[in-house]
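To keep things simple, chains are lettered A, B and C as they appear, and every chain counts its residues starting from 1.
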């Protein structure tokens, strides 16, 4: 930002503050100002033009300022731009590009417009590569692809952020650039996130764009757009980017506040009429492109599991699927508390290999029948042989899917363990030992290269899940040898 | 400059006082050490000669006792001996006792002489040792004093240099500040002079010219029936 | 019909004073059975205003209140022209400036003058959100910064 006098000389236009109303300032003058243009006040504060009327313009303040009536305002002639560059990696910045951590101020970087049109159809390609999250349930039942937009929705405190952090850890090992946008959250949460990235040594591939709840509404409103602009910069370099927006319901609330202050007409739930456009123009900029990709994982908070809220249904309409974190399952002790029946991934399955697709179909079908069997238990009815088998396998499957927020499990070993489970290797094992044995296999896979190669080849050579299960049924020592070594 | 000299004198005084204290301390400790040394040595020699005498006494006593025992044995065995024999034996006993006593005296004298000799040597031994130690102490002391002198001088020189450097820096900064304020004053004066230069008529002319220019640039808008702004390019 | 009085106004102070006088008149309009108005007109209003108003109000078919309210509205609609000058102009000079601007803009303006000696000469104009600097301030600053080095050198030489 150049200084006030420079803009005064360049444009020769001046405005005066008539009145201010919380974050909205009414300015007279500035005859040729454009909508969404950035204006600079005498005091150095920055604002964005919201509305133009013949007598005055409405300006949304982007900095915490107490403006005096009669202060001078000048145009900058530009829409909002944010500095981008590889120097941003490992930093925590606010939406204006100023550092929030104790690093040096970023200067002499190229700037990029924050609110641009989404790319057209010809630049896009189909979602082809899978995005591994390291979370068993998601990778097998609701798989994600690179360039997909998947909504993470659930009540508060159901483990959404933990799931996202697991995803970031997995993706950071593949070299994906992760951009985490914290929209209007507590400052202590921003601090915890920064420490998390530093402790896990992945700060070099992550950027945090953060606005705390005490920042002005205009700043909170800009946060996801800044994050998207930075993501687009890295995408243009051909990199794969993972963009996380935490969370869009607070963003919608903040925009509602701004609109109501600007005396826009309230619509459903007092949200303004352009609340869909607010999020759609943001999420449409993500996707899989000929050169690079941006995978967007926006978060939404539901109230008491109500998926039919206004903002929630809006977001579900503009994303390629959603992962639903159920408070009921969370209370039953399932971690992650993903409801596999209500979660869907519309473009994730096309990225999977035939084996994985088979696996996910088998598992989904089994989960449905398991659920039905559990209903029978409620009646206290006598269960037949088949039902008992399904229940036993279902219980073991529950143990398999239960995963702590510290663990990251590669997909390959997940498939092997699942096939082993299907093959009946653990039919005689108790539930308590099951988890331990599975974890020992995972550990062996991660540490012993011979076993890793063996399992990888096994997966690569199997085309159908049934084949893999049969193979393991006949050659169960492939898995049990690992157990005997480790267990 | 006065304040700097004073501080310098204070520093030098401090260093000298500490030096003197150090010297005094070293000397007293060494003297104490040496006195301890002499007393210790004297004790040892006294103990040695005493030891010798005691040992001689013990040996002599042993010999006497043995003689006595032997004599009694002989006497008890030979009861039938006549009195002459008894007297002879007594004489012989007395003679042997005398012999022993003489021998005892001799050894006593000898040991006395030896101890006297040793005692006599001790002072000279001690004296040479003492002198040697004193030499060493004196040398060490000299070295220490020199070193301390050198260090003190170094410290003083360094302190002075540092202070000088700070003064230089301060001078430069002040000069820069003064220059800046001079420039500001000059600016102000120039501005006031210039504004005085222009009298009221000229001011008015300037203002009107500016207004004409503004009108030409279209600041005041083109007079038309529609209320639109038609502006030419800026500047 | 208000042009006569509006053209006599030059600066913001004039406008404020006139608004105050109209206020006084309006409040006294219905006092003392309409007789208070005339006494106010004679005693509390400035001479030239008073004579103008008496003349206008004595015309037939003129409603006092409507006329005064109309005048008030016109006054409030006058556009501000902010001029920052480097000297204190005389009344005549203010007149000249005001009439010139009135000529250029079509009339409905009022001057808002301020004094800033930093400008040395010339004027800064702000009108309808447009800002023009026709003063020596910038030029002086620029020239002075360029000469700063030379001045410093000269100072060093003199030491």
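In this text, a contact is a pair of C-beta atoms (placed from the backbone, for glycine too) under 8 Å apart; a residue touches a chain by one contact, two chains touch by 3 or more.
Computed from a prediction, not measured in an experiment: that's the story for all the values here.
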item: Longest centre-to-centre distance from chain B, chain (CA-based); value: C
item: Central chain (by mean CA position); value: A
item: Dominant chain pairing [most C-beta pairs in contact]; value: B-C
item: Centre distance in Å when chain A and chain B are each reduced to the mean of their C-alpha atoms; value: 68
item: Chain A and chain C: spacing of chain centres that average the CA atoms, whole Å; value: 60
item: Intercentroid distance (Cα basis), chain C paired with chain B, Å; value: 86
item: Per-residue multi-chain contacts in chain C, two or more chains; value: 128, 130, 132
item: Sequence positions of chain B contacting 2 or more other chains; value: 229
item: Contacts with 2+ other chains: residues of chain A; value: 12, 31
item: Contacting residues of chain C [partner chain A, same complex]; value: 126, 128-133, 138
item: Residues of chain B that touch chain C when the two form their complex; value: 179, 182-183, 186-187, 190-192, 194-195, 198, 200, 202-204, 206-211, 213-215, 217, 219-221, 223, 229, 231
item: Residues on chain A engaged by chain C in the complex (per definition of touch); value: 8-9, 12-15, 28-31
item: Partner chain B, residues of chain C touching it in the complex; value: 83, 85-87, 89-90, 93, 96-97, 100-101, 104-106, 117-118, 120-123, 125, 127-128, 130, 132, 134-136, 140, 144, 148, 151-152, 155
